[in-house]
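Dropping the structures in below, format is C-alpha cells.
Two complexes come next, and they have one chain in common, chain A, joined by chain B in the first and chain C in the second.
Moving on, here comes the complex of A and B:
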C-alpha cells in the first residue's frame, strides 16, 4: 500500500534542496489540477515553489518528453548554454524511457537528476469519471485518493467510496512488472516486490485471431484515426529532428490524406519505429482523442521483441539496440 | 535533361515474352525521354555503339537500359556511357529479364505491361540521378595469410613470389597443418611430408614472408587496401631467437612422455616443452602452459630442469603475450578444418571400444614418424581383419548434409596400406557410393579392389553398430552378415573449425548453412568473400582434397595480389551520406554498420566514405531518413514508387 502523502513530501523536500543549492536548472514534476483531481505537469524553478509538487495515482504523464525537449534546445547565438542538469520526477515506466533515451545518446546521464518514485499503478481518468458519477460535480476537484490495498478509497465530504483497483487502474499498470524505478538519483518510497513475468495475457485475444480477423479489427480501429499525431507528439522516443511524416512533396513516403491505407501506413511505421524501444508507458493511448487502442500494437512489439530477439527495452543502458545488433552466430535460418 | 531508353531483346530471352517494340514505343511517352530504341543484344558491340552514338549525337544526360539483372551487366553499361563522356552513375538499369520475362513466360500481355512499369520506374529514378565522382585510395603493398596449412603455405609463397611482403599467421607452434599429419597422399602415394616439408622450409627462408607462428589474429580494422590487423603472439616461454631446436629441454622435462601428443592424435606422448613434429617450421620449442608444472604451480623441483638443460639460455617462464599491429592491403583466410568427432554417434563405439579408431588416427598409426613407427597394431597385435566404414558424419540429414569429398579416396589409400604392410590381412570397406571423380582416382580405386580389398555397399539409412567382443569388435551392418574385426576405421567428415565463431567475429565474413565460409559466387567467384580484399583459400570454404586446396590457394593468392599490384583501388562512390539537420544522433546507424564506417561526431553521424561499402543498412535503420545512400536516396526510391502507382508523375 502506497502512502502518497509521504512520497509527495519526500519529492518536495528533494526538489527544494536541489533548487536551493542550484545543482539543477529546474524540476519537472506534477501539480494538482485546478478543477480536476488529475495532476498536470509543472516546471518548478524556485525552491519556495517546491511545495506545489504533488504525487498520487493521477500523475499520469510521462514527463521525460520535456527532458528530450530540454536537451534538444539549441542555445541562441553567442549565448552560453546552461548545461546544468534538470530535475525530474518519474514513475518506474518513465524511468525506463530514460534508459532508452540514454541508450540512444539523446539524454546524457549528467544532464538529468532523477527523483524515481515507486508506483503500484496509476488511475485511468476516464475510469475515475465513471466511478465518480454519483459525486456532485463541485466536489470532484477536491477528492482525495488513498491506497487501500485491493481498493482505492476516494474521500470527499460525503460518504467515502471504495472502488476495486481493477476498475480504476490504467491498462498498462495491470500488466506492468516493473514497480520500482530502474534509474534514479533519489529513490522515493519503499521498494516494491516485483513479479518477474509478463505473459501478455492482455493481447491473447488478438493473438488468437486469424490474420483476416485481426485485419478487420485494426481496420475498424485505424479508420477512426484523424491523424492528429498526438500519439507521436507525446512519445518521448519520437524525438527525430524531422519526422518522416512531416516531409513534404516530393520527399514524402505517405500522403497527409486521412484514409484507411494512409492511416495504416502511419500506424505501422510508427509501430516499427518503436519496435524494441517502446517501454509501454502508455502515453500514446492516453492522449488519443479517438480511443484507438494503440498500446495493443505496442504490446505486440514488446512480445515479439522478447520472444524473437530476447530484447526487453528500458532495463539496461548497456543493451544493444534491437535493430542495430548483429550476432554472427544468429540461430536464425539463413543468417550466419 | 535528355534520357535515352534502350530495351534489350536478349535474343529471345526477353522478346519471347515481352513485346520490346511496344515497350520502347511506350518509353517515348515518358517525361524527359529523348530517344527510345530496342535491339537484339544491347550488351553486344553494336548494341553498345548504339548507346554511345546517341549520347554523343543527342547529348543524352541519362541512360536507362532495360535488360537483365544489374548483377550481370551494370558494370558493362556503366563503362559504355562513361566511354561516351557521360557520368557512369547517371545510368540506370531496369531488370525486365529475371524480374519479368523469365518470371512470367506464359503471360505475355501482362509481362509487357509490367516491363513498361519497370521502365517507367527506372526513368523516374534516372531523372533524379546525379553524377558521382570515383575516388581512389592507395594500397598497402602487403598481404596477410591466416592459417599455415598447405593452403596458407601455398598462398603465402605465391604472394611473396610476386614481390609483396606477406605475413603468415599460424595459431599452432608450427606451420604444416593437417597435411603434415598425413602419411601418404592419394592416388599417387607420395609421402606427404616429403612433398610438404620443402615448401615449409621455403616459407621460412623466403625474404618476403614474415612467419608468425603460435599467433592469433584478434582484430581487423579498415578496408581493402588499408587493413590494420592486430595479432596476438602467444607467449612460447622460449626465446625463438636463442632456441636452436636441439631438444635437450624436452629430454630433461619432468613430464617427458607423459603429455598427450595432439600431433599424433593423442596416440603418443610428448613433454610439456615440445615441437609438434620433427620437421616443424620453425624448429623452435614451445612450453605448453596448460601442462608445464612450473607455469601452473610456480615451482618445478628446485629449478625447472628444462632451464638447466638449455645451453642457449632460451627458456623464459616470465615471457608474456605480445600484441602487434600489421598494415596490409589484402587478406587470405586459410583456417582449414576440423574432423568430425564420431563419439557423437554412439553406435560406432568410438571412444569405448579400443579397436575403433578414426582415419586420422590410422594416418598416425601407419606413419613412419608416428608413435608405432609405422607399424599397424592394435592392442599390441597386428590386425588380421580390418573394416573401414565410410560417411561417418558426412551425407547425414541430421548432421553434415554435405559430402566431405576426401573420405572415399583416403579410405582406399588406407585399405591399400593395410594390404601393403600386412599382406595376408582381410580388408572390408563399407561404402555407400564410391566417389572417385578426380584425376587418377578411379584407376586407384580399381587397383585397390584388384589388390583384394572387399567393397560392401550399404545404404546411408541402414543401421550399423559396432559392439565389443573380447579383444575384437563386431561390425553389425544391416543386410550384411556380422564381421568380427581386429580394427575398425571410421572415415570421419571434414567440418568447419570448432572455434570458428571467434575467427568469424574478427573477420566479419559470413558462413553458409554448412558452417563453411561463404564465397560470393559458388562458380564464378569461389575465392571472394562479401568483404572486398578478404579471400578464401582451402577447406575453410568447404571440403577439398590437396590438389583442389592448392589450386584454390593459388587462386586466392592471385586474387589477393591484384590490388597489391595495382597499387591503388577505386572506391565505389555510391556511399551513404548524412543530412546533418535531420540527424538526432541516436547512433543506430553506427551500431548497424557492418564495416564500422560511421561514427558519432558532436552528436551527429559521420560517414567514412573509404570504409562505406554502400550496403544501405544505415539508411534502412534510420527512422528519420537522415542517412541516405547515393544512387538510392529516399527521393529516388519514392519517385519510383509513385511513378509505378500513377499514370503521371
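Moving on, here comes the complex of A and C:
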C-alpha cells in the first residue's frame, strides 16, 4: 500500500532543495487544480512554490514530453544557453521513457535530475468519473484518494467509497511489470516487489482473431479517429521537429481527409515508428478523445519485439535500439 | 399548448419521419463513444452528450466542395450548384449545442454566405432534449454562466423534456409544428400535471450546474492582457493537441486541400485548429503565432472577445467539452478568471 502523502512530502522537499541550491533550472511535476480531482503538469521555478507539488494516483501525465521540449529549445542569437539540468518527477513508466530518450541521444543524462517515484498503478479519469456518479457534483474536485490494498478509498465529506482497483486502474497499469523507477537521482518510496512477467494477455483476444475479424475491429475503432494527433502530441518518443503528418511540402504523405483509409495510414505509420521504442506509458490511449485502444497496436509490436528480437525497450541505456542493430540470427521471415 | 410523446413511441416517430424522406440524426453509441449518426430507432433519454458536437451534421469534419478533372495541363472544375435535397432532422441535441449552432449560423452568413453550411442548415429541423443532469464528465458544464440553461430553447425548433415515461414536447417554429403534424397521434396533449413536472425537472437541472464563470468585464480584461506574461504561465503545459477546438461546438475553422488521384481530383475542406503551428504559418515561413501561448491565447480571445465584436454573441456556450477532454486540465473557466486577475 502506498502512502501518497508521505511520497508527496519527499518530492516537495527534494524539489525545494534543488531549487534553493540552483542545481536545477526548474522542476517539472504535478499539481492539484482547484476544479478537478485530476492532477496536472506544473513547472516550479522558485523553492517557495515547491509545496504546490502533488502526488497521487491521478498523476497520469508522462512529463518527459516537456523534457524533450526543453532540450529542443534553440537559444536565441547571441544568448548563452542555460544548460543546467531540469528536475522532473517520474513514475516508473515515465522513467523508462527517459531511458529510451537517452538511448536515442535526445536527452543527455546531465540535462536532467530525476525524482523517481514508485507506482503501483494510476487511475483512469474516465473510470473515476463513472465511480463518482453518486458523489455530489460540487464535491468531486475535492475528493481524496487513499490506497487501500486491493481497493482505492475515495474520501469526501460523505460516506467514503471503496472501489476495487481493477475498476479504476489504467489499462497499462493492469499489465505493468515495472513498479520501481529504472533511472533516477533520488528514489522516492519503498521498493516494490516486482513480478517480471508480461504475458500479453490483454491482446490475446485480438491475436486469436482471423485477419478479417481483426480488420473489422480496427475499422470500427479507427473510423472514430478525428486526427487531432493528441496521441502523437502527448508521446515523448514522438519528438520529430517536423512530423510527417504535418508536412505538406513537397507533397502530402497523408491527406488531411478524415476517413478510414487516411486514419488507418496515420495509425499504422505511427505504430511502426514506435516499434521497439514504445515503453507502454499509455499516454496515447489516455488522451484519445474517441477512446480508441491505441495501446493495443503498440502492445502488438512490443510483443513481437520481445519475441523476435529479444528487445524490451526502456530498461537499459546500454541496450541497442531495435532498428539500429543487426544480428545475423535476426528472424528474416519477411525477406524471401 | 404543449404536447407529450411516450418514450416507447419515439422509435415509431423516427420511422415515420424517415419514411417521409427525411434523414434523421441522433446520438448513437459507436465503439464506446456517443456521436451524431443516422438513426433508425429511438434514443435513450439520458445519453451522455456526444463527444463530437452535433455541428458535424451541418458542417462535416471533411466535406467535398467540388470535383475537378486533369488533362495534361488543363484542369476543369466540375462545380455543381449546391441545391436543397432531403430534409434533415437532428434529434436529441443538447441545448448548449443548439446555442452553438446559432453561433455557426451567424458566422457562416456573416461576411460571406457559405453555401455548403447554409444549404444543410435550411433543411434541418432541430429537436433539443433538456438536460436533467450535467452531461460532461467530472462536472465541467457551465451553460448557465454564458447565457444558456439545461432547458434553453435558443436555436431549437422543439424542446423535449424527460418527465419519466414520457417527454413534454414544446414546439417553437413551423418546422417543429411540421414534426407534430407528421407524428400525428403519436403526440397527445399535455396535462397540467405534465407541465408542472416539466417545470420542476428544468429547475432541478439548473441547480445541478456547479461550475460558474463570471462574464462581467471579460472583454476589457482580455483587451488589457494581450502581452501579459500570464499567457506564458498557463500555456506552458499545453500539448498543442487541439482537442479543445476540434470538439468545440462553436469552432468553425477549416482548411482547404486538393486531393488528387490520376486524372481527377476533389477540393475538400477539413476542420482545422488554431492550436496547430501550421494553422498560421505564412508562405514565407514566418509564423505570427509561433508558440503555444499565442495559440491558446487566440482560442480564448476568439471565444470571449472577437466573437462578441464580430457576431455580437459569445463564442462559448459552456458545454464543458474542452474542460473535460483536455489531457492536461486546461480549464477555460480558470483561464478566463486568471486573465481577469492578471488585468487588475
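One rule holds in what follows: the second predicted complex is superposed on the first by the 326 of 336 C-alpha atoms of A that agree within 3 Å, B and C clash if a C-alpha of one lies under 4 Å from a C-alpha of the other, contacts with A are read in each partner's own complex, and residues count from 1 in each chain.
As a working rule, a contact is a pair of C-beta atoms (placed from the backbone, for glycine too) under 8 Å apart; a residue touches a chain by one contact, two chains touch by 3 or more.
Since the model is a prediction, treat every value here as computed from it, not as a measurement.
Asker: For A:309, decide between first (touching chain B), second (touching chain C), both and neither.
Answerer: neither
Asker: Does the superposition put A:228 against chain B (first), chain C (second), both, or neither?
Answerer: Touch partner of A:228: chain C, not chain B.
Asker: Now for A:264: first (chain B), second (chain C), both, or neither, which partner does it touch?
Answerer: neither
Asker: Regarding the shared-chain residue A:250, is it in contact with chain B (first), chain C (second), both, or neither?
Answerer: Only chain B is touched by A:250; chain C is not.
Asker: First (chain B), second (chain C), both or neither: which does A:300 touch?
Answerer: Touch status of A:300: no partner.
Asker: After the superposition on A, what does A:42 contact: first (chain B), second (chain C), both or neither?
Answerer: In the superposition, A:42 touches chain C alone.
Asker: Looking at the overlay, does A:187 come into contact with chain B only (first), chain C only (second), both, or neither?
Answerer: neither
Asker: Thinking of the overlay built on chain A, is A:104 touched by chain B (first), by chain C (second), by both, or by neither?
Answerer: In the superposed model, A:104 contacts chain B only, not chain C.
Asker: Check whether A:200 is in contact with chain B, with chain C, with both or with neither, and answer first, second, both or neither.
Answerer: neither
Asker: Looking at chain A, does chain B or chain C touch a larger number of its residues?
Answerer: Greater contact footprint in residues on chain A: C.
Asker: Residues of chain A that sit at the chain B interface in one complex and at the chain C interface in the other, please.
Answerer: 252
Asker: Which of the residues in chain B come into contact with chain A in the complex?
Answerer: 501, 504-505, 508, 510-513, 515, 518, 581-592, 594, 600, 603, 621, 623-626, 634-635, 638-639, 642
Asker: For the complex, which residues does chain A have touching chain B?
Answerer: Checking each residue of chain A against chain B gives 72, 104-106, 239-244, 247, 250-253, 273, 320-321, 323-326, 328-329, 334, 336.
Asker: Okay, in this complex, where on chain A does chain C touch?
Answerer: Within the complex, chain A touches chain C at residues 33-43, 61, 65-66, 125-126, 128-129, 132, 137-138, 140-141, 220-221, 223-224, 226, 228-230, 233-234, 246, 248, 252, 255-259, 283, 286-287, 289-292.
Asker: Across the complex, what residues on chain C touch chain A?
Answerer: Those in contact with chain A are residues 30-33, 35, 51-52, 61-62, 134, 137-139, 208, 210-211, 236-237, 239-243, 246-247, 255, 257, 259, 268, 270-271, 273, 276-278, 323, 325, 327-329, 331, 333-334.
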